[in-house]
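Every chain is named by a letter (A, B, C, D, E and F) in the order it is written, and numbering of its residues begins at 1.
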Amino acid sequence: MRASNRPADQLRPVRITRQFTRHAEGSVLVEFGETKVICTASVEEAVPSFLKGKGQGWVTAEYGMLPRSTHSRMRREAAQGKQSGRTQEIQRLIGRSLRAVVDLAKLGERQIVIDCDVIQADGGTRTASITGAFVALTDAINGLIADGKLTESPIREHIAAISVGVVGDTPVLDLDYPEDSACETDMNVVMTGSGHFVEIQGTAEGVPFSRAEMNALLDLAEKGIKELIALQKTALAG
Amino acid sequence: MRASNRPADQLRPVRITRQFTRHAEGSVLVEFGETKVICTASVEEAVPSFLKGKGQGWVTAEYGMLPRSTHSRMRREAAQGKQSGRTQEIQRLIGRSLRAVVDLAKLGERQIVIDCDVIQADGGTRTASITGAFVALTDAINGLIADGKLTESPIREHIAAISVGVVGDTPVLDLDYPEDSACETDMNVVMTGSGHFVEIQGTAEGVPFSRAEMNALLDLAEKGIKELIALQKTALAG
Amino acid sequence: MRASNRPADQLRPVRITRQFTRHAEGSVLVEFGETKVICTASVEEAVPSFLKGKGQGWVTAEYGMLPRSTHSRMRREAAQGKQSGRTQEIQRLIGRSLRAVVDLAKLGERQIVIDCDVIQADGGTRTASITGAFVALTDAINGLIADGKLTESPIREHIAAISVGVVGDTPVLDLDYPEDSACETDMNVVMTGSGHFVEIQGTAEGVPFSRAEMNALLDLAEKGIKELIALQKTALAG
Amino acid sequence: MRASNRPADQLRPVRITRQFTRHAEGSVLVEFGETKVICTASVEEAVPSFLKGKGQGWVTAEYGMLPRSTHSRMRREAAQGKQSGRTQEIQRLIGRSLRAVVDLAKLGERQIVIDCDVIQADGGTRTASITGAFVALTDAINGLIADGKLTESPIREHIAAISVGVVGDTPVLDLDYPEDSACETDMNVVMTGSGHFVEIQGTAEGVPFSRAEMNALLDLAEKGIKELIALQKTALAG
Amino acid sequence: MRASNRPADQLRPVRITRQFTRHAEGSVLVEFGETKVICTASVEEAVPSFLKGKGQGWVTAEYGMLPRSTHSRMRREAAQGKQSGRTQEIQRLIGRSLRAVVDLAKLGERQIVIDCDVIQADGGTRTASITGAFVALTDAINGLIADGKLTESPIREHIAAISVGVVGDTPVLDLDYPEDSACETDMNVVMTGSGHFVEIQGTAEGVPFSRAEMNALLDLAEKGIKELIALQKTALAG
Amino acid sequence: MRASNRPADQLRPVRITRQFTRHAEGSVLVEFGETKVICTASVEEAVPSFLKGKGQGWVTAEYGMLPRSTHSRMRREAAQGKQSGRTQEIQRLIGRSLRAVVDLAKLGERQIVIDCDVIQADGGTRTASITGAFVALTDAINGLIADGKLTESPIREHIAAISVGVVGDTPVLDLDYPEDSACETDMNVVMTGSGHFVEIQGTAEGVPFSRAEMNALLDLAEKGIKELIALQKTALAG
């Protein structure tokens, strides 16, 4: 049993609340236990300049943390005048992941901007962001269909993400902050509804990891992502 | 009757939810109708360098809006690399207002940082921020007393803020976004529990205003702030 | 009597020198006692992008202080790589104030940029700036009329500004730097020739202020601004 | 056979030239085919502030590309005023990878800064950087031992990195730029001399990848990294 | 005769007004014809960090132009968030020139910061700045002597600067803006009271220049600087 | 004899290696003794916006130093977020120098960007940069001719640069870093193949210099530049 009283292969309680705020075309509050992220999807009827006139759309993402989403207050990136390397890594990952399941040609010459803002952090903010962002993106696209701007959905399949890691000697699923701080190896896995990988990012924070550990971690991730995608489907059906 | 179906002197429904997030020493979700702001108070056991060794504390504030808190998406200030003039004006106002009711010498050599982050905007974000921030600040200071770090509260009295304005020819209380966009004159008033002014900022957006209009606006503001302070007291007693 | 040997309701000696520098379409040196500000008005035959094609003009302002305009040297904002929050507040105030008396549609698709640069500071730089900027703006617009680019003036009426404050217990007019540093309440008032308010910004630096004090301050401001507008008229007639 | 005339599991010709420039404590030109990176290691007898007084050292890395190291000229990051998200990701990866094989406590309170500057790019700049940086780091540490500043090496084992990817349907080793641009899946693998993983970063650029493909890619990477470590050893023995 | 009605070897009318503003330890308005620059000298009882504890002082300079000092309005550097390359070149030149005639050890552990702010530009702003800055610096140092903080002056000798250039085919002294824009070669010369060079910066804007032209230009510069130094002496005696 | 074992009028061994990297239209490694600079020329079929539609081309330059090109590591300008004043001065000098020998109208509406990146520094990086950049520029232009995009070369004549200085009391040619650090006067001279000056920048680092010293330095520079231009010709013929 883990400190959080979960078996090694158990997700934290996950909640997906749609229409969380009112202005965005898609707006989701996603909670992985005590980690809470607002994911909004904003439709813009223009594409970035590098895509102008190419007959395709774009999906991109930005990520931020409220200064006191964390145990001790972080400096506000807007006040510092730049986004940290970590922030940029995460928002690039979110954007890449979502684009992997969207047919950009079918989206047409428009852009959907995903904003993932962490209001409370307890580990796994990037995986919660991807998982929630997919739901917000789907809502925004369904709105385009309802408005007659799209005739069919450019979304090919579901996508979700989870973290796995080796804590002590045990591979575990969905690390909370204390586990994340203590783990030997930390891996973020992004997978589609059909069970294929879009991203695998494994890092040995302490001791380098073996091929066997890697395989155990991927097994856990696969299990967790299947559950997350089921939760996305329930939320979207709600 | 106003478009929002309120009489001229009526506040929007106001809700103050304490302990909204878990890490901050004070954490409040304040809602003025559809305007929603998370206000956190973070205690830091150090003061800014200009106060080192002067035997007093400091209270300061930062303000931000989630990119899609607004009707159309705003650019993220962290991505742009700077805070707008408007953001800086507002956070300076929040900090100044709170300091007006805190005995900084009694606070001791520590700083309390207030973060006001707008998750949904519908007019009046700065007045909601001040009103909510006072509650978060009080919670943080009560925590210091509970921990034995302070023996008495450095807070002298309550403080709250409201907007008033001339819409059409009518002075009204607590403007929502459509009223704010249409008004001739917009005034933000910050007042203490004892009925004294801390800040008055009146701007003629359209037609310059007369002394008589100004007096009518101040009467409305006084009424509204008394109600807000009553709501703060109820929330803090809860 | 005040430390500066003035009665409570007396302005400092005010001088307005037109054509102070030679390149700008309007160029004014304004002096409120020892406070000296160069105000230039530059006509640009284009509008900012948010106004393109809307058939109206724009008036905007920028503000700066020479590093050694102050008692001790301030850091140069250009070297620091950003304008302070105070600078941005002031330049937004100047621009808003001037726009309140200009019919932007009549101005046509052009922009007038006002630069207010403080070469010596002794309190009241923002009110001196507004008062001087109006004269520079008028000269620039008269130049447009003289050149046949405008047939009638888009200026509706005069505008000027003054500071008032409670020093000790006494409301006084036109605070110099020692008064400004010591005052309990500081208020900047921007008023038109017809006696209506465009901006009122009152701040309790020390003790919050009452409605009665506010009224006394507004009476003083009204008196001062009437005198300033008379001085503007004399200067423009010169 | 690949367009580059290599079998799927063959590295490009790899050259490691030590003492490439003269001022740095370690200086290596590493070439993976036409990709050429200068890796220098600079010893600084101080640690970053977050480590002061903790009795341990630090290893960090910075990465850059000469503007015309690429097919068409890239904008110079120093002129743009910021490092791209890609640059930050890569330099964080290099630093993390090297720290994984260094006993920071044994290094003592000093910092080694690795600079990886790409003078010619043809795919695989980050893996070449890590592979070359390890040699520069080793030279710098051997210098500290020779100078009597360290009595034993804090380096635990070798580390090297290689890219693998699925091009067409074939998993291949050490992608050059044309392969990298065309591949479905791209994976960077960082592995130690004892065959454990430090980082795995796999991204589906086109079609998501299966577990089987992933295993084939890891097999290739393992083979390639063993060869790279043999080349590092030869270079260090030279 | 030149367009400005001056013989080739004649300076524009030069005026040096001391005590131009009141807060700075030295404050000079220098005018070279229609070029007008405010030069202030600020004494700071601390040195930059790279000089701490070395028992010597420092003299440095900053330079700026008011946005409408020029024929058409320039963008404000503080608003753009950086100083141009030209600004940095000029302020480095001013600082270097002044340091050449100051015994920094005798100055003691203090810094004198020179600010040169152009309020009206008509060519030669950098040479006017150096010439005026020397007078402001002298006043500041004389103040230190008067206050008993220095017993003897660290200034070794006078320094002044002038521009010379080839306009058409004629070498001329002290170019105004129309001449500067049209000239083939432009040279700025900084020389001491004893007739030695501190800086020579010659640039062929159009046709490269010969050794003979260079010698003619230096002859002119020498004549002009002697006159400027005489004017500095008169001003300081005033 | 100098510390470097050279007579006063001797250049360091100079090497010019063309086609040093493979992507640029011109790519040169230039070595002045231990100073090594990569100079690339990139052809872009567009001009900067200030030249659009004017029927002429542009040549510009950027300069950088690898962080550990120097004795102790310098901070990376891209990480600091800005280029130093020194960097800007040097890159402006390189661009100006090259433009002096190019007929921009004949170049047509295209831009050639020169990048000079110092990989090892031992004094004279700016003069090596100009000397090498000319060769890279020539290669790029010859490529345009070979491709039929130009029918004749817009290059009017050769250009090269050298530093001279007074070390001790002796004028010497081509200062290395120890000489540069110790010299009284430092002068950079840029001269054309026909023996005319394009830039002369002389600075008294220590004692101001006389006209006689200046003449001795120019004699040395003339000799050195003639040798450099001969070396450029040999390299271009190779």
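Criterion: a residue touches a chain if its C-beta (ideal position, glycine included) is under 8 Å from a C-beta of that chain, and two chains touch if they have at least 3 such contacts.
Chain labels with UniProt names: A, B, C, D, E, F = Ribonuclease PH.
What you see is a predicted model; the values in this text were computed from it and never measured.
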item	value
Starting at subunit A, fewest touch steps before arriving at subunit F	2
Taking each chain's C-alpha mean as its centre, the one farthest from subunit B	F
Equivalent interface to D-F, taken from C-E, A-D or B-C so that over half of the residue contact pairs match	C-E
Geometric centre distance via CA averages, subunit F-subunit E, whole Å	28
Between subunit A and subunit B, centroid-to-centroid distance (C-alpha), Å	33
Interchain centroid distance [CA atoms averaged], subunit B/subunit D, Å	51
Subunit C residues counted as touching two or more neighbouring chains	81-82
Contact graph of the chains (line, ring, star, complete, other)	ring
Chain order, ring traversed from subunit B with subunit C following	B, C, E, F, D, A
Residue numbers on subunit F that touch subunit D, as the complex places them	21-24, 27, 34, 36, 38, 40, 42, 44, 62, 64, 66-73, 76-79, 81-83, 87, 113, 115, 117, 119-121
Of all residues in subunit F, those that touch subunit E in their complex	82, 85-86, 88-89, 91-92, 96, 100, 187, 191-192, 194-204, 207-211, 214, 218
